[in-house]
Structures are given as C-alpha cells and as structure tokens.
Amino acid sequence: MVDGWDIVILAIKGLVVLALLALAPMIFVLAERKILGRIQARVGPNRVGPRGYLQTFADAMKLGAKEDLIPPGGDKLIFWLAPLFMAVPAATSLSVLPIGPEVEIGRTIGLWVTDLNVGVLLILAMGSLAAYGPVMSGWSSNSKYAHFGALRSSAQVISYEISLGLAVLAVLMYAGSFSLVDIVNSQKQMWHIVPQILGFFIFAASAVAETNRPPFDLPEAETEIVAGYHVEYSGMRWAMFFLAEYANMFVASMLVTILYLGGWNGWTIPGLEGIMGVMWTLLKAFFFIFVYFWLRAVLPRLRYDQLMGFCWKILLPAGVLNLFLVAILRTIWS
Amino acid sequence: MQKGMTVLQAANSIGIDIPTLCNHEILDPVGACRMCVVEIQPGPPRPTASCTTPATDGMEVKTNTDSMQKTRRQTIELLLQHHPLDCPYCDQSGTCELQDETFGQNIWQSPFETVSKAFPEENLNEVIMINHNRCILCYRCVRVCDEQMGVHALDVAERGGRSFIVSAQHKFMDCERCGMCIEVCPVGAVLSRPFKHVARAFQTLTSETTCPHCSVGCSLQLESRKGEVLRARARPVKEPNRGILCNKGFFGWEHVNHPNRIHAPMIRRAGNLVEVGWQEALNHVAERFLAIAELDGADTIGAIGSGNLTVEDNYALQRLMRGSIGTNNLYLGRNGYEVAASTIETALGSEALYNNQDQLLNSDVCLVIGGDINGSHNVLSAHLKSATRKGLTRIIAVTRVDSAIDPFASLSLRIKPGSESTFLTALTSDADEEFENLTGITKEQLSEVQKALEDSTSSSVVWDTGIWTFGREKNIAAAACRMSKKFGSLLFPLPDKANIVGGIKAGMAPNRLPGGCSVSNQHARSLIESKWQTAIPSEPGKPMDDFLASAKAIYIAGEDIISSSNNPAAVRDCLDRASFVVVQETFMNATTEYADVVLPGSTSAEKTGHFVNFEGAELSVKAAIAGIGKAREDWEISARIAAKLGADFGYRKSVGLWDEFTELSQDHSVTPTGAIPTINGRMQIPTVEFPYHLVTETHLFTGQPDLRLGTTMHDLYEAAAEVNELDSHQMGVQDGDRAMIRTEHGEFELPVRVSSVVPRGVVFIADHLSEAPVLTLNHNGPDGMPVGVKKVVVK
Amino acid sequence: MAAETSPKRVVQPEISEAEDGRMILNIGPQHPSTHGVLRVLAKVAGETIEEAECDIGYLHRGVEKLIETKRYYQGMTYTDRTDYTAAPANNLGYILAVEKLLGIENEIPDRAHYLRMIVMELARIYGHLIWIGTHALDMGAMSMFLYAFREREKISGLFEEGCGARLTTNFFRVGGVGRHDDPPGWLEHVQEFAETFTVEEFDTLLTDNELYKSRTKGVGIISTEDAISIGLTGPSLRGSGVEWDLRRHRPYARYNEIDYKIPVFTEGDVYARYMVRLNELYQSRSMIAQCVERARDLRGEPANANLADVVWPEIERVSGWQPDKRSGDMEAMINHFKLVIEGYKPPAGDAYFGVESPKGELGFYFVSDGSGIPYRCHIRSPSFVNLSSLKQLVEGGLMADLVACIGSIDIVLGEVDR
Amino acid sequence: MSDLACTWLGLMATIFGLGTVLLRSPVHSALSLVMVVFHVAGLFVLMGAGFLAALQVIVYAGAIIVLFLFTMMLLNLEQHDNEPHMHRYQKWLGFPLGGALLIEATWIALAQANPSETLLGKYSPERLSELGGTAFGIADAMFTSYLLPFEVAGVLLLAASVAALSLARKPDEDIMKAMPDMVSDAAGSMTQPSVQESKLNQSPTERGDNH
Amino acid sequence: MPFGTGIIKGMAKVLGIGSREPVTYHYPENPRPVAERFRGMVGMRRDEVTDLLSCVGCGLCETACPNEVIHIDTSQAEDGTRWVERYEFDLGRCIYCYLCIEACPVDALQVTHAYHTLTPDRSELVISSEEMMEMWESQDRFLFERYWNE
C-alpha cells in the first residue's frame, strides 16, 4: 500500500520532471546554438558565463523582464490561456516517460513518474492537444501572420498525428501494451527499429513535423510568416511557447528512443544497470535531438502543399503499409 | 562689331574666349600681363596683346595656336615661379583668376626652380591690406582707383620686375574705402581686412541683390555662409552702378547679423517687452486693431512705412491698412522727396521726375547743388567723375563744404547753407542785392554759371533731397523747376533712402494709391477694390502730423520716427497718447520704446522684392540668407495680420504681391499745371550768439542709422563737429576738445574736429549719427541753422 | 508663423480587401525575407496568392538628386549606397559613365582597367554570395547564409586591403583608380582567394538538394519573351534563355581580352536563375585569376591617366606645403585646389554607360551643362527593372513561392528606391 | 478521496457544460466544451477506464473540437450576434425533452436495486482486469457483440464524410468562397490536387536533372 | 540518384565544415586586424614643430565632403595669420569615403584605424580637432573604451 516513502519518492520524481521541463529546453537551446554555430563555421553564444554556457539563463532572465504585450483587438482571455495550452500537455507528457529501468535503492523504484497502462495513448492525447496552443494563440492575436501560423500548425499537427499514430500502432502491435515501460522491456531482444525500419522513419518524420521543427517548421516559418502563431507574444508568455517547443522535442526524442531504439536497453555494466540505463536512454534521445539540429542546419523548408502532400500521400499510405507488414510479421513470428 | 573695339572685345563678342589676367571689363586696357596674346595677320610676326590692339577690317586673328598656347603657359609658369604656396589660406582661392588660368591651361608641373618672395603683409588702412607676394602686377587696383573712383589712392613704386603697389598718399591710405581695389584684384594681393580668413570664397552662397544704402540702388552680390552675410561684391557689371560700389555697399553689411537684431516678436506686458510666439503676437495685433477700429473708427489708425523697405513690403502694409482696416493714413516717414516730387510733378509733369543716369552723365553741364553727393550717393559721384574724365560732361559744384568732386569740377563754389534756393532762383532771374551776402557767391561767379548753362545744349541739376527735409525741399524744387523751364535742365532730386520712390509708388502716402494715382480717382479705386474684394476709403488720409496727433493705433514699419523727426518730443507725446503702437523693426531704437508690440522685420539681405531707385528703375532684391531668429520678411508680417483680420492675400512669395502691384499700377500722367510755387522763407542769418551755420549731411562713412551699426563703418568715422581751422581759433577750441553745440532750440555735446574741407563759418555734423542728435537742434530742421559752439571745460 | 500645411499625398495601394472579402496580406516593409524594405500587398486565397502588388519607396533617399547637387567625384560615394551588396560594381558604372562624358575613355591605362576588372569580378562574387546566402535562408537553409558570408568576409578583407573600406568602397577614381593602386601583396592575396574560394560547397548543399529543387523547379517561371519585354537583365534574363551580357556584347574595360563563358539556362524558373548565378561564381573566379596575371605583368605602369584637368595630382606634390618654406609644387597645388572645389567639368552633353553588375545592366546616364555638377543623373538600376517582374512571377503561386521568387530576382531595395 | 475527485470533476463538467451553452462567444463555448471533455475523461479515469479517457481526449478534444474551433475562427462568427440564437420551436421542444431525459435517468437509477452494477454492465473491473485492461474490454465488446453496429457506424461515417466533401467541393457555394482552402487542406489536401502539388511527385523521380 | 542522396550529401558536407575551426573573431577582445589602408575615423596630425593643429583651415575637406560632416570656422589671429577657431567632425554623419583626406593639401587629416563609435549620446560623435589629434596619436579605441568598461 501507499506509504510515506512512496509519496516522498513521487514528489521527488515530480520535482525532477519539473526541473527537466525547465532545464531541458535551456540546455537544448544552448546545445542547438552551439552546434549550429559550429556547423556554420562560427562559435555560437560565447559571452555569458564560461564560453557562453549561461547564455540561455541570461535569455530567460531577459524574457522574464520583458514587457508582456497584449495586442489590441484580440481575445485577451484566450491570448492569456494559449501558452498554458502549449506548456501543460508538454509537461504532462514528460511525466509518463520512463528514463531508466527499475532500480533497487532500498526498495524498487522505477525511473519514471508513473507507468500508466495507457502511457502511449496519453502522449498521443497530449500531442493532439498541442494543436490548441497554436490555434488559440493565432486566433486571439488578431494578426494575419499569427492566423496563418495557427492554421498551418493545427492542420499540420492533426495530419501528422494520424501518421504518427499509425506508426505507433505498429509498435504497439509488437509490444502488446500501451505502457511505455512494457514497450521498452519488450525490446530486450531486438529493438523495434529492426523489423520496423519503415515505421521508424515515418515516426521520425512525423515527430519532427509534430514539433514544428525544420524542415517542417511551416507554422513559424520565419521567412514566410515571420514567426507564425506566436508572433505577437513577448516576454514570459513567449518563453512558454519556446519552452513547450523544446519540451516537445525532448518528448519526441524520448519517444523515438523508447519506441524504436530500445530505451535503456544497451550494453551495461552489471550492478550499474540503473545509471547505464539512464545514460543509454539519454544518449539515444540526445542523438535524436542532435539530428533535429542537424536537419535545421542543412535543409530548406518544405512548401505548405508539399508538407501536406508528404503526410497524406506518402506517410499515410506508408504507415498503413507498415502496419500491414508488421501485422504479417507479427503473425508469422508469433 | 562696333567701331573702336579691341581684338579681345571683338573676339569675346562672338564667343571666342581669350584668357586674360590684367584686363577687366570696367577698366581701360593696359596690356600688362601678356596672357591675351594672339597672332595677327597681316602684322608683325610676334605675339600681340589682343586687349590693346584695336580691331580693324580684314584682320585675321589666330587665338589658339600652339605657339600662343606655349606663350601663355610660359607666362603663367613665370608668374607662378614667385607665387607663394598660399592657396590653402589665401582668401581669393576659388575665385582666383590666376588659379583659373593655370587650371585652364592644363599646366601639370612647374619647369622652374621656384623662388619665394617674402614681403610682409601690409595694412593700407582699416579695411584694405596688401600682400605683395601674391601680386601679379596687373595694376587693376591702381587703375580702378584712378579711372573709376577718381580717388587715385594707389600707385606703383619701383620699376620693372621689382615694382610693387603702394599707397599714393602715405603709408596709411586715407581713401574712400570703397573696396574696389579688393574687388578687381585677380589674385589675393589686395585683401579686405574684415573678410580676411573669415570664410573661403568657394564655400559661400551668392545672391544677386540691390544695395539698400542709398537711392542709386547698386546691383551687387552678397556672399553668405551658414546664415551669415559675409561680404558684398560688385558683380555682375550692371546698371545702375556698372560694376562699382562705394564703401557702404562693400562693407556696410554687418548690421544683418548684428547681435542686437530683434530676434522674436515681443509684446509689452507690465511695462516690459516680453518675447512671445508669432501667433500670439499677430493675434494680439489683429485683435487690438479690430477693437480700436470699432471703438474709435478706422480713421484713428494709420501706418508709417519706410524707404528702407521694399516695394512689396510697403505695398503689403498699405493693402493691410487700406483693405483690411480701411484707412488712408499712410506715410513714408520723414519724406522730403515726396514734397519735391509732387512739386515737380505739378509744375512739369511726371515725365520730368525720373531721368536716366545716362542723361545725367552725358549732359553738357551738370550742376551739383548743395549737398556733397560724393558722400550721400558716392557711386553716382564716381560715375560723374569718370564721365568728366572722359570729357562727357562738365561739373559745376555749388556745395556747402568741400567735396571730393571739386577737383573734377570745372567750377567749384562754396555756398552758404540754406541759400541754395536763392542761388537757383538767381540763375533764372536777376539777382537781388542781398544775393552775395546770403549765398557767399559773387555775381561774377553767378553769371559764369549762367553762361555755362546758356551755352550748353543739355544740362542737369542734381541735389540731395535728404538735406532740406524740413520745409525747404519745396523751395529748391520750385527753383529747380524754373531752371528746367529756362535752360531745359533735367532734374535729379536724389532721395535720401534706397526705396523712397518705390515706397511712394507702392501707395504709401495718404493721397496716393498704388502706382501713384490719387485716392480720389474713382476708376483706379474701383479697380483695386475689385481686386482686393473690399472697399477702400475715398477720402485722402490726414497729413502726418495731424494723424500722429489724433492717432489711436499706429503701425510703424522700418522707420525710427522719433529719431528722424524734426520734433522728437512731440512725436514721443503722440506715441505716448496712442493706445496701441506696433513697431516692426530690425533693431531696438527710440521708437520701439513706445511700442506695445515689436515685430522682428528683416533687412534687405533677408528678403526678396524690389527697390525703385532715383531713376525710377525697378531693381530686384534677393534674399541672401533666411531671416535671423524668428524674423520674417516685412510683407509677410503684414499679410499674416491681414489674414488674421479675415482677408488673406493668398501669396506665399513676394513675387505674387509684385505681380499684383504691377497689375494695379495705373498710368497716371499728371497734366502739369505749370504752377510753380513761390519761394517763401529765407535762410536764417547768423547772430552774435550763434555765429555759424550748421551743415548736416550724409557723410561718406555714415548711412541710414540702423544700417550702419556694423563695426567697420562705425570705426571709420567718429562723430564730431567739423570746423575750419580758422574758426576753431575763433571758438577757442582745439582738435579733440569737447564742445557744446547750441542753437536757440537745443544743445548737445560733441567733440570738435578741425577739418580742411569745411569752409569758414560752417560747422559740419554728419547726419545719422546717434552720438550727434542734430535733429534736436531745431523744430524746422537744423540744416543751415545758426549755431554756436562753445568749449566745454571739463571740471 | 503658422507652418504651411501642404496637402499630403498618400498613394493608396490599388488592391483592397473590400472588393471580394479576400485577405490582403502585407508582406513587408518589415519582413524577414523582402530583402530590405519592400512591401508586397498580396491578395491571398488560403496560401495561394491571387494578386500581388509591390509598394516601393521606403528606402528612397533621392540618390539621383543628391548626385545632381554634388561634384562628380562626390557623387560616387552615393553609388556605394544604392546596391550596397556590390558597391564596386556601382562605382565602376559611375566612373565609366563620367569618363565617357569627359571623353577620356581611351586615356585610361591598361593596368587601371585590369585592377578595375579584378575588383568588379570580386564584387560580382560578393553580390552573388549574399544572394545565395539570403535566398537559401529564405528557403530555410540557414547554414548557406553563413557560409556565403564567410566567403564574403574574405572579399571584404580584400576590398579593405585595396581601398580601405569593406562595404562602401568608393574604390575607383575618374581616370584610373586614384590612390587605390594595388598595395604590395594585394594581387597575391586576390590570387589566393581565387584559388581557395569554394563554390563547390554551395553546389553540394543546394544544387542537388531534393528539397531545394522541389521548392524552386517550376516555380516563378518567366518566359523568354516576357523576360525581354519586361526588360530583365543579368542573371534573371540569362535564366530565361537569353544570352545577353554587357561584358561580352558591349565590351568595356578589357573584358574582351580574357576568357570566360556566359552561363545560360532556358527553364526560366527560380532554379535556372540559381544555376546561372552559381555558374557565374565559377566564371568570375577564373576571370579574377586571369586579370591578376595580366595586372602582374603590367606592374610598374601607371594606374591613373595623365590628365591634369581630371586626375588629382599625387598628394606628395601638393602636401609638400609648409607655411614658411616652399617645397610643394604650385601648379600641383592649384590643380588640386581647382579639382577639389570645382571638380572636372565635362563638356555639355550627355552620356550613358551600362555595366554588367551582379544584378544586371547597371546604367548611369548623365547630362552635363558644362559645370562641375551633373545637370541630370539617372541610374538605370537592374533591381528596379527586375522587381517589376515580381507580379508576374508570384501571382498564382503559394506564399512560400513568393519568398523564393523575391529572392530569385535578386533585388536590393537600396537600388530599387535609390 | 475519489469521492471528492468525482464531485469536483462532475461539478466542473457541469459548470463548463453550462458555459458551453450560455457563453456568448462561440470560441469560448467550444473551449468550454473541451474542458467538459477533459473532466469527463477524468471521470472515466476514476472509473478505471483509462483507455476510454485517452481516446476521449484524442478524438474529441484533439480532433473534433479543434475542427469546431477552426471553423468558428475562420467564419468570423461575431457577425451573427444579432440573429436569434435558437430555432423557433427549440425552446418549446428543449424543456420537455430535457425533462424527459432527466426522468428516464432517474427512473433507471431508482428502478434498479444496484444501479452501479447496471451502469457497469457486463464489464465489471474484475472482468476487465481479467481481459487485460479497458482497451481489451472495449475491443472485446466492439469486435464480438457489437461488431455489426460498429461496422455500420463506420460505413455511415464514411458516407457522411464523402457527402461532406462533395458538398464542400461545390464551387458556387458562398461559404466556400469566404473560407480559404485551408479547411479542406486540414481535412486532407488529397481532395484538392493543385498544380504545385504535382511537382512534389516529380522531384523525387526526376533525380537526374538536366543541369 | 535515388531520392535523398542530395540531402544526405549535404548533411555530410555540413558535418565536414563543422569539424573545421570556426572563423569567428572574438570581438572586441581579439578583434580582426585591419589592413593598412583601412578607413577608420579620420584623425588629425599634430604639428611636430608647433605642437598644435596642423590644419590651416583651408576648407577643402569641408568642400570635398559629400555629407556635410566637417565644419570649420576660421578667423584672423592677432598677428593676421589664419586661425582655426573650430574644427568639428561629425562622425555620426561620416560615410568614411575619405575624400577629405584626399583633399587635404597639407596632410593634416590622417588615416586612423579607429572604428569604434560606441556612445549613448549622438552629440559625442561630433568631435573636435583636439580629439582628432588624440585619436591619431593613440590610433585606436577612441570613443569605444569610454563606454565598454562601464
């Protein structure tokens, strides 16, 4: 039954998630700027702190100090709510992500906040809720560019949600559970990427699109619609969008790791499974995040019709095909 | 091609450019520099100076052959051999003709070893200096001083390559300071001291305008930079001055940027003038005018314009008064010319009034009567001298003090002040017994003048109307009219201000409409009324003194009516009594002390418009700089007030007013009645108490009071009572003593200066000096008054 | 007094939202991808642009009128600021036009010509690099921008070494190159740049990139006929299949003495224009190498014409000036003075000269009234003409194509508005 | 604890439900509806039906209401403020029908001895854990006992969407003009092949370009 | 080539570039060295003999300047020589074309390599001849240091 320690541990886990929510974007932003800089033959931020490592903290402070502008003519309530609709689902998703195996520290503790038996669904649900933030912010800003961004974003999120779901469905067929921990555990022998390489690519592409990152960053395409749905936001409110984007990136990377790359499964030193597991998970996730940056550095943006066409004409049929193939494989192998 | 042209002139007339250095269009050719060499066939096979060779038929002239080019290049190279490398700080660089020629000849490098001369710079007088190192010995300065100005203050010393320019008098060159030597110098040798190192000639903006200092109306160029008028130049060569200027035109511009200028509108509050914005001031003026017009009637309102303002300014002011307020009380200040002019007009018709300067210079005999026109209208005097020198005319100078035109006059007489009309009358009728006593001229001399006039085919009479302002202007005009009738003489009354003629033409008189028609002329009035869309009163305004006595509101523009009045105390009283006085001025003066509102007007350097000179010629004035501070053009101020009163003139530039003025000016040939007024009043005879005659004239170095505030002009002439040396012994004073100058009406203190130009029995005090308030000496004009001089003993 | 209120003239855009309820999207004047302060009014149906209209003039500084108030040598400083992405190209156009006006084209020494050509081709690379960078950035490929600027910095460095300025060069002088004769080692540095300049990088990153191709191929097509009738010049015209290059067809300087090819592509789409410019980078690189070789052969020869009434004298001869002793040259001093305060005075008449700037035909037209200040100056700016094709390019396309098209015609608003 | 949560969730769901009906701004109404969906999902979770809760959020909140919002935002519904909100007979029908529904529910609740059992039906928690979770329970029910209605519903929905598309494609429909293509894009741009789109297909195949 | 090879080539290339050293200069601690001809702010030579301004106020720079940057007021000194009362150089308007330096007939205006115009106050950009001489002597970091350390 529930005892005091459980609550303490839960609280610690919650705090860890909160810290993660706040820190991960900062680290990622810094990493992105540094990596992009390096790729682009420059050094990136180098002023604040040693070699610029505290740049994002400075930025965060700056954002906190900035004036919070509310555009005239917009819907104030919704304008106010929209960043929350962006940030809360992202944070919620984080809470069900397991970052390591169960470890024994006096008692058995799973390195996750909670292992829901519908964990994958929760993440998908939260992902689909991500459409609200852009729609609400875009509409309430009373700005044409924001409106464009909102329309693009929600269309994109809803569309790619389907291909994402199809890809995940295949994994679920393999794992036979909605629980993320179970899914990881089901990859002890073989990572899901091996039988589902097609699914992996569909999922990866959809994940990039879901998080509105280049080359699918249409909703905030800077050179076309300036900054998209959050063009009118400033200060902390804008920071929440920013935070949510990077949190979503983290969730997506973790999800790729968990669903396809075997989560914490990997070579480990006996006795240190916990640490090695966490290390493996984060390493894999970070690699995927690096791929995010890498893509951003190289690729031109897709055009809007190409984006939608890619989803509906390539990813969706491919997803169905993948599902079909996986179903056959699963049937054969089991 | 005209006969008598030189080769150079002939070439220039058909557009062929021959470079010159010593030649100048206002000077006779001398052939000193050899830049203008040409090859002439048939002729000697050598380069010939084209400036001195007369052009003849069948001449074949080659101007630009290789050998000529080479000669010219060598000439310049030789000139530059000694020339100092002064371009970076020589005031002439940029307008330097030597630079132009060098550049034009494409000379790239000096073939000679250069040797510098090292004469020190030399100050010739207060305003002129000379740098011998830069001199190229073209003698332009010497020639202009001699030929054009008739002063001959410069000369050449030594000979050949060692010659240099010196003052003809002593080390100190006491000349007329006309600055023409500076003007004509092709290089930076003769320099203006006030302008020295002040600005670079190539950075200044030039504007062609007309000189405001006297009624000759010299055309000149003003150079300005960063809103500051820096100097004037006598270019281009144009009528009426033909390329020359006097010291007033050349140096008399420091008043424009004087720190004492009125910079902003002011309203009197609790006894003090307080600076306000334009709108406030204009609203205040308009409201007060309206209120007074309603309460006391428009007849109690009037305006006093000035001969210092342009035609447009005066026109705008009279339109404001006639059109918007409905009064004909318009005056042009103390206006002797108007009296003289109407006398002549009534007697001889209006054609007799405006004669061309050319007619004057080409008339056989030119009688200069009374005042020293060399002082008051120096350029005209220079032209006369020059004409005499060429044998075009003979001058008979009948003046009260010695004048610089005396050496050029065939007959030069000294006349007792105030007796000029007696003298002129005596020319046309027989002289009475008192003649010699009154005038100080013998009957032989009189008949000599008479004979000269009778023998001449054409004759002119020139007199300065500024000096007989109070009452006697009518007498002398009448006498001159008689002369005209008898000898056919042309009359040249010279107004004492630049634009008196224009002011009258603009309608700034109680009985004249714009153009000069009488106010009672129905046709002219209706024409104006239809243009202005308002009714104007048909009754002429009151005489000025009557008006002042009954005035409730006075608008005074550009005229210090207290200082220029013959009875300052009375005017002060009037201004005190008037409930509202607007003064539109450039400087604070005696009148502004009584002003309820002071509006910053502008000097002629800041406005665009027209002057009309003594010939009746319309001369354009162009702004060189924008208004100082908040100062606006005077016409604009009147127009704004009119707009506040509900009648917008609708002009943004003065040219609109000018067009309206020319449109409304009607021909008004006055049929001469032939009635010449009789002369009344005689000159006052000196008594024992007041044994001398007082002569007050415009001196060469004085000008209109508010135009001579600049330091240069001011330093040149210090206020003093000039007396003959013999008289000074009699008075018991010495040069520099302070003396009390007294008449029966008043007195003031002034230093005495012993002068050689003042004849016996005369005390000369220059007009327009604030230190010498001569107008306080007599209600009827101080000129010719018996005066006493008594040494002041300093306790 | 009351300020004169002049009636305000407001130019209203021709298209409005009221007509049919379509949304008008204001793209610019402050927009990341309008290359300055261009404003495009786009009537959009969803993402499709139905109608587009350009609104220019936000960067109008009256350069032509300014030039008409300055002496000829001063006017050139303003040309640096029209097409600021390739300032020396403007300098050259200006200088050549003035030289034609003065009638001294034939007096310019060979070495001056080769130095000018080196700088001109560097400027072409300079201009194309910023084009490639910003165009790719508009497409979302952000690294290209920085790679382009990395290379551009090297050219900036070369400009700095040659004339002292990195961007607004004011490089040449009428009659030659003035004081900007090549400093020691400069030609070697240029050579080094020509050898190490990596066009291949851009080739790899964009030419074969499928996403880039899908964004640019078949987008913003302008046919040969349309291109000619609009008056397109430069790469935009050559992308539509017309071989027209002033360097070849109206040769100036010494362009007819070196080898180069004129890249021409026939598709007329954004990709073709990109390919033209990319290939021109290769060509300019080889031209620079050739010019450097020639300029080296001519070392020791003068780089300025020997014209006392046009070319400023060497400063040493003038500035030997000392207040007391005379060591300078009076003639040089006088020439210097007259040239500074009045400038050279071309004979009355007019002259037009067009050069092939990175963006197309850049022409300067001068009317002289015989004074030291041009009576009239007109700049035939390629950007302005190229911009007039924008309407045709973008109507019917998508929002994203608009960005690609604006980029592809290579406009600089400084030059459009002048 | 769970009673408290249940009360809270129910209360909030009711409040937001009222908000959905009563708020004047349709966007606010739609957002209230989202909140209702959330709270109902919460109630599901309390009942142990996590799968259902997730589906509820994914399907209703994540897709359907987003589309509602979408349409509302695009159509600019503010202008219809002055029009009567209700149908003429709506008010008169609404009260009796609502009353009837209330009575029905009360009747079911009161008529059964063990109402909770009735509401849970045959899938009690024990049964569900036997099956392996609510997902399995639903699957079990859907693909066994309710297969036919499920399939019929699927066919009906398909027909409805086809009908909607064909209606939406009508070119002369006013609403289509005012509404940018975005909506149909959102619904799937495959219905609207454009000139530009065909290029996407070309570029991958056209690899060996002619440059 | 199959679809995606271009993208992959590009991504590989980018990694290659990223492995090289960055080309960034750490301004301002380690600024890029400037060329000898670099056109920085215009300095003024101090006369070696008189230790004063070497400008004679000839106004050629003022005339040659296309942008009205330079303002010179001159007057007469007591001994009658030219005296430069005021020499003002408005860096805020300067376009660094260096026509003034080319125009100076006495070599008074000099090339400096100073290019920092860092100031919170525009009026500080109007520098006097004294400051110009200071700049020429110190050669760099003229307006910059004043504010950088704050």
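Here the chain labels run A, B, C, D and E in written order, and each chain numbers its own residues starting at 1.
As a working rule, a contact is a pair of C-beta atoms (placed from the backbone, for glycine too) under 8 Å apart; a residue touches a chain by one contact, two chains touch by 3 or more.
Quantities reported herein were computed from a predicted structural model and do not represent experimental measurements.
Engineer: Touching both subunit B and subunit C: give me those chains, sorted by label.
Structural biologist: A chain counts here if it touches both subunit B and subunit C, which gives E.
Engineer: Would you identify the chain whose Cα-based centre sits farthest away from the centre of subunit A?
Structural biologist: B
Engineer: Quick check for the class: compute each chain's Cα centroid; which one is farthest from the centroid of subunit D?
Structural biologist: It is B.
Engineer: State, to the nearest whole Å, the distance from the C-alpha centre of subunit A to the C-alpha centre of subunit C.
Structural biologist: The mean C-alpha positions of subunit A and subunit C differ by 46 Å.
Engineer: Find the geometric centre of each of subunit C and subunit E from their Cα atoms only, then give the gap between the two centres in Å, rounded to an integer.
Structural biologist: About 25 Å separates the centre of subunit C from that of subunit E.
Engineer: Taking each chain's centre as the mean position of its Cα atoms, how many Å separate subunit A from subunit B?
Structural biologist: A distance of 92 Å separates the two centres.
Engineer: Of all the residues in subunit E, which ones touch at least 2 other chains?
Structural biologist: 1, 3, 5, 7, 10, 14, 17, 23, 56, 60, 63, 105-106 - these are the residues of subunit E that touch more than one other chain.
Engineer: For subunit D, give me the residues that contact two or more of the other chains.
Structural biologist: Correct list: 180, 182, 185, 194, 196, 200, 204, 207.
Engineer: Multi-chain contacts in subunit A: which residues touch at least two other chains?
Structural biologist: As it turns out, subunit A has residues touching two or more other chains at 39-42, 297-299, 303-306.
Engineer: Once bound in the complex, which stretches of subunit A touch subunit D?
Structural biologist: 75, 77-78, 81, 116-118, 121-122, 124-125, 127-129, 131-132, 135-136, 139, 147, 150-151, 154-155, 158-159, 161, 178, 303-306, 308-310, 312-313
Engineer: What residues of subunit D sit close enough to touch subunit A in their complex?
Structural biologist: 25, 27-28, 31, 34, 50-51, 53-55, 57-58, 61-63, 66, 69-70, 73-74, 133, 135, 180, 182, 185-186, 188-190, 194, 196-197, 200-201
Engineer: Which residues of subunit B touch subunit C in their complex?
Structural biologist: That would be residues 77, 80, 83-85, 87-88, 93-94, 98-100, 102-103, 106-110, 114, 116, 202, 278-279, 282, 632, 636, 640, 652 of subunit B.
Engineer: Considering only the defined contacts, which subunit C positions touch subunit A in the complex?
Structural biologist: Per the stated touch rule, the residues are 23, 25-26, 31-33, 47, 136-143, 146-147, 150, 205, 209, 211-212, 214-215, 398-403.
Engineer: So in the complex, which bits of subunit A are touching subunit C?
Structural biologist: Residues 36, 39-42, 144-145, 148, 214-215, 217, 221-226, 296-306.
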